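What follows is a set of structures for review.
Across the two complexes that follow, chain A remains constant while its partner is chain B and subsequently chain C.
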Partner chain A sequence: MADQAMATRKAPLEGLRGGSPAATVTPAVPASRIALRAPAESVSALSAALGVTLPVRPKTSASTAKRHALWLGPDEWLVIDEDGADLMAAAASSNALHSATDVSHRNTAVIVSGSGAEVAINSGCPQDLSLAIFPVGACSRTIFGKAEIILFRTAEDSFRVECWRSFSSFVFGLLSEGAIDAGH
Partner chain B sequence: MLLIYCPYCEEERSELEFRNGGDAHIARPTNMAEISDEEFEAYFFLRDNPKGVIFERWRHIHGCGRFFNAARDTVSDRFIATYRAGEPKPVLDAEPKTPATVETYEALEGAAQ
Partner chain C sequence: MSGVNRISGAGRLTPARTARFTFDGRTLTALEGDTVASALLSHDIHLVGRSFKYHRPRGILSAGAEEPNALLDVSRDAARRQPNVRATVQEVFDGMKVASQNRWPSLSFDVGSFNDFLSPFFAAGFYYKTFMWPKAAWHKLYEPFIRRAAGLGVTPTEPDPDHYASRYVHCDVLVVGAGVAGLAAALAAAKAGAKVIVCDEQGEVGGALHHDIGTVIDGKPGYGWAQQTGKALAAMDNVTLLTRTTAFGYYNHNFVALVERVTDHLAAVDETLPRERLWQVRAKKVILANGSIERHMVFANNDRPGIMLASAGRTYLNHFGVAVGKRVGIYTAHDSAYEAAFDLKRAGVAVPVIVDCRQKPGEAVLEEARNLGIEVLTGHSVVDTSGKLRVASISVARNGGGGQRKIAVDALLVSAGWTPSVHLFSQSRGKVKFDAATERFLPGIYAQECLSVGACNGTDDLQATIDEALAAGELAARAAGAKGGAQVALNGRNAFEWTGGMIGAAEGAGADKTVKAFIDFQHDVCAKDIRLAVREGMHSIEHIKRFTTNGMASDQGKLSNMHGLAIAAEALGKEIPAVGLTTFRQPYTPVTFGTIVSHSRGSLFDPARKTPMHAWEEAQGAEFEDVGNWKRAWFYPKAGETMHEAVARECKTVREVAGVFDASTLGKIEVVGPDAAKFLNLMYTNAWDNLKPGRCRYGIMLREDGFIYDDGVVGRLAEDRFHVTTTTGGAPRVLQHMEDYLQTEFPHLKVWLTSTTEQWAVIAVQGPKAREIIAPLVEGIDLSNEALPHMSVAEGRICGVPARLFRMSFTGELGFEVNVPADYGQAVWEAIWARAEPMGACAYGTETMHVLRAEKGYIIVGQDTDGTVTPDDAGLSWAVSRKKPDFVGIRGLKRPDLVRDGRKQLVGLLTKDPKVVLEEGAQIVADPNEPKPMTMLGHVTSAYWSPNCGRSIAMALVAGGRARLGQTLYVPMADRTIAVEVSDMVFFDKEGGRLNG
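Coming up: the complex of A and B.
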């Protein structure tokens, strides 16, 4: 009898390290994510079910422990759980009208941190990332080179860059180049 | 780089995040099956292509994803106003004085060259 082949999961950026002393570029640990769309009437029920208050102001986010809700549009959020909890089930338990899509494997994330993090990201992103305009907790869908990213500032010198997994090698490479330039 | 004010994000963003969506305020005829070919052509294909203020749809595709409307000067590329989809055309104060300040090809080179 033939041996059964077992598929093993491989994270898109596994083992990569990049950057410079000014800004380190590292892959984020696997997380679960949902793309959530819901009308205004469902927001409070969904917030209770997810355990994190869905923000309703542009460019803002809300976090509890390792779960983050990022405002993307007037009725659209990206919810990330860094512990890999089942967000689909949590959203479904709200019993409120919504549309949730599991994008845990579609997206991957890169952590950019260090004094040169802003400069590294600005090497391919046109947004103003100064602290006054893009404070800690701010988030935005935007563009990085040719790839669409979701930018989330987790600390004064640290960003989480979410991108589609098929763009991840491009995003990681350009961020690393930007981080090297940030050291000059 | 142009900065465009998104009425949903309530912020000016780079033009790289936006995509043009054609003319705004074009109402689809409700009696589509009854109108003549000429009327359909006028609705579907014919546009004014003005030199000056134009009302357009824009989409913040690499941002909030929303369509909104904008009044733009086609000579200077200046955005005069942006407003949410579904809102009526804004009353613009006056025609912008662009021909005097913008270096168009005609102004710089003249017709002879």
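Coming up: the complex of A and C.
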């Protein structure tokens, strides 16, 4: 092994830029992620271990610095660390009953930003994304065209769109078309 | 001045702003804001098309979306051409090309008009009668004839270069229609603070105020008030005002589809703009304010060019500044048409007569007619018209008989009254009720959160309409949760009160069987056709509609439905409600395929799922095959190689040296939790308790009925963690199947499932040199047979990145499956390839994978099984635990039919002639000479040329197959019968020694 160079990481949307002045569409930087499943009794221990309070209300998230916990179901979260920290180890340190699975490479993310971000996403997502209904911090596993996405509002005019890597070029393409229309 | 009929000072268009277009090659000047119809009329062109069945000359009948006649072919350039565009809706832009349709060789001389003389042969229902027999003539003669004759426009052949957009949007209140009622409702809802969307199909708001200049609202002329209100609404943050936008479909839960025509009216088009935009609106409340549609009068030869609706005549004059003729007659059953006469007369156009079939028209309009010196013939009817390509005269007679008087006209405006537009209400599944006093269907029982206001609700009086709309707007806003304050009050008045209206045939339609008094212009249906349908036994309006095709054209009978119904009711001697009303369906007006398809075309038609190594495979010249949405490398042809040659080379190379295969698409599920083994015990036929961490097992999953559902290798990574693999196509449904059982049958188990298909790039390295290829890249894993035997798994590092290394084989060779996080897939693949290639190994695709596994008799679920195959049928009884008390399918397996003798079993087939490759799906018989129908024993499931066996091989499901080993059976084909010998399924390396390297 000693003579072998370490394999380099190649994200599926590397180098792509899309969208319009109304809504830019850019690939998110690589992050680490776990699919976390746990019963209610484990939530506080896991929250402490992960350093972010796991939300228990539908469509909500919690964030600490660059770590985000997104509620996906009554016993299901997607935890994202934008710095790429070892979330598996953090979850394991809780010593509470849970299932953590590394999905850092299964998912990839697209950032949609700008005044037209809502409209761009609504080109393929039937949810009501108005601020009153889908405020900053809201998240939802939903559909976008023919792909499943996890939508996470990070700011009034910015969304993180998580999808499986092989759907990412479809998601990126449709978001870009939606973003162009959002400029009109 | 553009056009001889343009009247100076009339209308709202700006004379200086012109646009040039062509009509059938002739260049014409229009004004900006003209529709194609108004522009043609300004040049005194009424004749615009030929009718569908009889090829009769037809003119512009309306000024709106209900137009049945003026369907034209409109193009921007060679690729942007659309047939059947309604001239009354399409706005003119500079450079537009317009052509008439359904005529040959020209509009004024059309050979097809011969049909008009043959019309006795084209009676209603003629399709069903004339083309009955002989049956053989259908394909060669009748159908091609009907298809050619029936088409109106010509379909474009070039791909559509425009793009289309789509948006989902939510609102509190959606208002459909921006006439008086819609604007008032929207204003009230918006002022109450609701999020409002208002849409209108026309280029600007105003609805009927386009033609009705007698209306005054808040002290302002109606049209001006509408524009001002529209501007005020558009400026509000909580309002989206969409013009050129048709609400075409009302679906469940207040989901309404709108189409916005974004660029069709523009001369120069910004390429980033979509041609049309689909709005999919979810509204808490819907207010329908879509008005009413004027009906024509039904009388003999009422279809000549120059005959049009009275309101259309007013629109062309009052909005577009175009007089539809120099000598315009009126034939009406409703007061509203009088105002058309007044407007024309005041504009200096001769109005020789108002023929009113009623004895008593409204007093006010009658008096005004007298004041203006217009002759009014009450109790009279128009009984015929003359004129070849344009109406030249009308024949008028007193009702009940008497002499005819011929009056020269060059246009005739008609009105039988107004039909409330209940289309969207009906689409919402609301039930209409018939109002006998006014002879119209009105919204009755609502099925959704919706209100109708104004003319579509049967409200005639202007002030009543305004009050009703304001109240509805505020009510809807409040119901949707709006809490704003401002109330709105408006007052309005009309020039005249309107009365009257009739449905069905007027006197002039005659009882005569040959009189052509049209009710449905687009499908050439006359009053006599309805009567014929009734005589021939059609009693339900649904039958009459289909027999006569009344209302079945693209205008959906907006003008004809009520007339047809009334004539049918009269002929049947029944009340109208007893005859019924046909159901209105989406779309309200035709919608382009472009809008329906929207973004879903080209690369966005369907997600093309690609593996992390796809780019490398593409660069190597791989051919790809679709497996579900995945693109999988199929084979890697070298220069000049056929598929057969490439696959043969790959098959040999894998067994002689080694091969590298992209298995990333294999479904993967991580099963985690203290009860993981218990759960797998229940989901698979195999036992999992005794599988040690670090070892793998081939598992079979059944459905409840005992048949094979999926298979795959499962690796145990830890006591509480399994790495499950599924077939590529089965991944989503297997996860759902497992999740379903976990949630509904085994919720007590502490175990969770996560799809990891895309987390891992999977590189299979198979063949004698597999170990040698990967060994230097692997860190922390002992690759020896002792430490990592066949069917084991270890975690370590490959090329410095974390990996799960499986020792397993789907080829029968020494094999490894390298799993690395997907983003590293390409780099690790390249590192492996850099070692494999110099050793003489190859990259291989799915086709070679299929051949290699068949050489070893490994099944593919879904190819060698079809949902009726048990583990025993597939020769896999060894994988079914005899000790487990329960698993999904255990009871199904005990069903008598599943344990009987003689079931179809999977066996091998060897053709007597080793060069012959069987066809997959071919049937198998014992006696090739048995008379038909022959006894079929089963079918071939897999068949390949095996380069490593040097002969063809096949697998087949054969009744009692395993008891037939060594028997000769036959595969009858179309051209020959192939003799085969039944064999076991392992064709290569029967002892299996190669697995251990």
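Worth a mention:
Throughout what follows, the second predicted complex is superposed on the first by the 177 of 184 C-alpha atoms of A that agree within 3 Å, B and C clash if a C-alpha of one lies under 4 Å from a C-alpha of the other, contacts with A are read in each partner's own complex, and residues count from 1 in each chain.
Definition applied: contacts are C-beta pairs under 8 Å (C-beta built on N, C-alpha and C of every residue); 3 or more make two chains touch, one makes a residue touch a chain.
All values reported here derive from a predicted model rather than from experimental measurement.
In the superposition on chain A, contact of A:Val112 is made with neither chain B nor chain C.
With both structures placed on the common chain, the touch criterion links A:Leu72 to chain B but leaves chain C unconnected. Within the superposed three-chain model, A:Ala31 lies out of touch with both chain B and chain C [touch as defined at top]. When the two complexes are overlaid on their common chain A, residue A:Trp164 makes contact with chain C while staying clear of chain B. In the superposition on chain A, contact of A:Ile143 is made with chain B only, not with chain C.
Of the two partner chains placed around the shared chain by superposition, neither chain B nor chain C is touched by A:Leu87.
In the superposed model, A:Pro58 makes contact with chain B only, not with chain C. Shared interface residues of chain A, touching chain B in one complex and chain C in the other, are 126-127.
Those residues of chain A that touch chain C in the complex are listed here as 1, 3-12, 20, 30, 35, 37, 39, 75, 97, 99-107, 119, 122-128, 130, 133, 145-147, 164-167, 169-170, 173-174, 177-178, 180-181, 183-184.
Touching chain A in their complex are the following residues of chain B: 1, 8-11, 13-14, 16-17, 62-66.
Residue ranges of chain A in contact with chain B, taken from their complex: 58-59, 72-74, 76, 126-127, 140-143, 148. Those residues of chain C whose C-beta lies close enough to touch chain A in the complex are 163, 165-170, 195, 262, 272-274, 277, 280, 282, 599-600, 603-604, 606-612, 629-630, 670, 672-674, 750-752, 754-760, 776-779, 797-801, 820-824, 826-828, 831.
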